[in-house]
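Next come two complexes, and both contain subunit A; in the first it sits with subunit B, in the second with subunit C.
Moving on to the complex of A and B:
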């Protein structure tokens, strides 16, 4: 967990801001008059006793890059496969483009195409034949097929490999063939099931930006399934976090990171310090929380529906927590602790601090300038502090 | 050195039990019939030294081969054997494909059991199983009894001692050899390929011809060769189930050897049969080779 979260903390903070320009101001989900391109209506899917998808209602809008994010077994792939037509919902309806598609076979669903996790390239066909497969099913004229195939091949930069068979290609090239094969159909909705799961990290980063480029240039609605929160943060306009077949939160990457609605989401996306406590005072937009370990009062922003004496968790992102050797005077919140571990990553440093109660907290410092304060070392007694607007109160 | 010993064992086996007997048959095919034991001349007599050896070679000739090619009986028997084997192979494929397809699509935990059931008949002697078909196919046999009791026919069908019975026998006997390679290649097909085909707009039947069938070709080729090659030389099935109209080279060979006691001619028949079969065997080896290379 530490490692996964450790990876996460750096990227989302940085990448969430670098979402490409055309996406900014793009928020069709806020427009109540705009019809969604995909609507899941109380959709459930059960396999025997096992409920894979549990009463999900979700709208996805045109031109969105929508990510379904969650650990394996959370139902995200089942949800995507129902949209593609490979699984039939046990209950509920799936409406695409205003049309109920619930009972339709995959081959009857025009305008919806999928890129498979295993790529599912036809091993007996060349790259060209693979990409042209979907077009041949439509009974398209030969020269038109050739033109569309050439266009798709150019889009994914596979010109030199057009006459090769899939087994003669590298993993990254196969991934691009799979993408081109679905794109060649010019779908309105493109489904991607863990499309980059088999690629190594460096290639994956490159492929993520390529996906975003293609999504923007074609204006296609992308629905991607991934278990990689960093990937979801990078590519998506909105993320649906799933757990045990249910939607936990559907928001933009920024909102998911900055204002998670539950401990599950806070911990799944990036790294977080969770301080358990009890609400002792609510005043205006602020709340006082008594730390469960020692009764220290934390001042923070309040949220709607918060009640006195309610058990809550204060979620603090490590980069919002400051480490200092002396007790800060300018900060309303601080706790004392001892440094147990330091992770120096060059650009940033992680400080793992143990509180007297035994709980560990992580603080993160960007090594932007030469340290103004004295360097913090192992076993130093330190103070962790944060402003009242840094944390977020979670009730579940 | 130790490795050489290990490799040499199968080679010695092949030399002693295949190459040497074949060379003996080849030699006999160049000899002449004689009322003697063994029933042919020349017999190599090394006691006479070089003269004996010269005498031996001077008596060898292609007469038997000339005889075989001048008599349409043999040529017809070869053609008819290849034809019957080819048709039987095709029929076996038609029966085996749905079976193998069903096996490959069956739940994973059932598949080993299904494979077991396919090879189960091998636990009973081949000869006994072919004999059993006589009881089924004869005029007052089980099949006719069943069809007549069901009221489907009023007169018993004549299947026994016809080429139809031979087809039934070959299809039955060689079915596992067709099913197993077909199953092996069908089972390897990633189910997501069919999903991808469907997703790209191909209905199930088209997906079968565009994806499943071409990907099962290696299994089809292997299965067809495994059935065709032994079926050409088949003797037991046409002998027990076929009638006088069924002309197959295996039967001709048997008659030549045991009824006519013409060892040289029957040896020549056997040598030609082998040459006829070398072509499909080489083709089979080739296809296996290219498959291995494609897989690597």
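Moving on to the complex of A and C:
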């Protein structure tokens, strides 16, 4: 993470809204009649006593840009490597395109190709020969190989480097060769293992949009593994958040951000304020929650299966919390606190506010107006407020 | 500290090199001796090299030695490379520790014991001793050296390169010949050169496993020296030294070139 503050809070919110959907209304996972292109069926993978992947069932659909997201060691790479055929599931089946591929070797899996984190370019071959390698294995005619290689090289804009060896290329160029080499095979499913992990931030942002462009223009299903939540939000049509070998939540970037289903997801994606409390009243679609610290009642939307007296957490995104010097009269929820820190980031300002209980909350304010004079300052007693539809009730 | 001249260091280096190389230098110089007496200098001449050409015994021994060295180096390199791949690539399998121990044991095994045990084996199975028994014996001991050299290279070989080849549709055999072998080729060649050199100058194991009609050059030299050193021996020894030196130089050049290239690649990747 380059700039923890900026990365953690601002970007996902902004990105989530601007995420370009592959096509408008593209949501094959909602279509019950549509068969998935990849189906993991109760897949587990154990290495000795260590369970890397724990009973995962997951469907991925054609033309999706699917992200497996989680911290290192959460099993996301193992899941991808099982799909590629480098690891064999201990239990369960992997069905690709309606066919059980569980025991198949990588070179028997037609239409599934992988781009490696280390790029894994062949050091003794030129860029052209690297990209043509997969086509030569198919025994394709020479002129056809040349045409496909040229097409792939043009796609990643490497024309000038076609006759160079990998060690004569920069990291970004190597990354494009690796991409072109897999794409040249015209796979139906493209697997990407931390494809942009070795690039610097600026190059990475550019490369993300390149990936999206190629994914859309080729109509390939992309499955990407990443630990970078911002990257997943940017590129993916759906994200599977993983933790300790299990799927925690599988949703679109917008849903993951706006309606996380657990504290783990809420905290992993972006920044969040979590207020612990107890359900005291449920009425229609609304619920009242008593704040554990001082019994203040928070009004919020209810969720399915919520019970009275249940212990819950109210998750609030910082940009949905308003800071003011006076107690707002137009807002059903507010807490008092003292400003302990202000982070001015140009476009936005972070306010870190300590509640009487000692808990800290963060509020974001976009600096829309030219405000050299700050109305809220260090050590000011302020009110934090939010509307009843801003928070999400989490039960775990 | 670095690069500072000191008389102590200079003296130790001079003494060390003198100790190592003066005897060899003397041998080389005396191979150009005009005089028939080995210890008396009689002026420069290349006549002993010319004489060599008509010395049937030495020439046939040299021919046997080259054939043994070529064959045993080739087989030792193939077997050693296979062993190295199994040890590095197959992960932890049952008996891996024992297997790797058994591969490397002959490195420290006294040659006399290796030779004697091979002799016993050949006698026991009734194998006629001669050219092939020497070759097999040389494969046995130089294979370990080949395995060590190739294994060192395989350890810092990015396994995902092989995985990428398989992912792109190449089967295991195809992957080995198209990707793995070209990448480790320099170390395989240096393994071959090392095995070749080891076979070329082996006396002990060859003496144990030889039979009638198969006399290697070191054996021939040794037996002739017992009758007295002739300038011809000096000449053939000089040639032997030349071949061995060339082999070692090429092998180390290949290893070094590979190291510098990898270094450059790594730096380029970071940049």
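Keep this in mind: the second predicted complex is superposed on the first by the 383 of 396 C-alpha atoms of A that agree within 3 Å, B and C clash if a C-alpha of one lies under 4 Å from a C-alpha of the other, contacts with A are read in each partner's own complex, and residues count from 1 in each chain.
The rule is simple: contacts are C-beta pairs under 8 Å (C-beta built on N, C-alpha and C of every residue); 3 or more make two chains touch, one makes a residue touch a chain.
Not measured: the values here are computed from a predicted model.
With subunit A as the common reference, subunit B cannot sit beside subunit C without a clash. Look at A:163: by the touch rule set out above, it reaches neither subunit B nor subunit C.
Once chain A of one complex is fitted onto chain A of the other, the partner contacts of A:113 extend to both subunit B and subunit C.
Using the contact criterion defined above for the overlaid structures, shared-chain residue A:86 touches subunit B and also reaches subunit C. Looking at the shared chain after the overlay, A:171 reaches subunit C, while subunit B stays out of its contact range.
Under the contact criterion defined above, the residues of subunit A that touch both subunit B in one complex and subunit C in the other are 84-86, 105-107, 110, 113-114, 116-118, 120-124, 133-134, 137-138, 167, 181-182, 185.
The part of subunit A that touches subunit B in the complex is made up of residues 84-86, 105-107, 110, 113-114, 116-118, 120-124, 133-134, 137-138, 167, 181-182, 185.
Across the complex, subunit A meets subunit C through its residues 84-86, 105-107, 110, 113-114, 116-118, 120-124, 133-134, 137-138, 166-171, 174, 181-182, 185. For subunit B in complex with subunit A, the residues that touch the partner chain are 190, 192-193, 195-203, 206, 210-211, 214-215, 294.
On the side of subunit C, the complex with subunit A involves touching residues 158, 160-161, 163-171, 174, 178-179, 182-183, 261, 264-265, 268-271.
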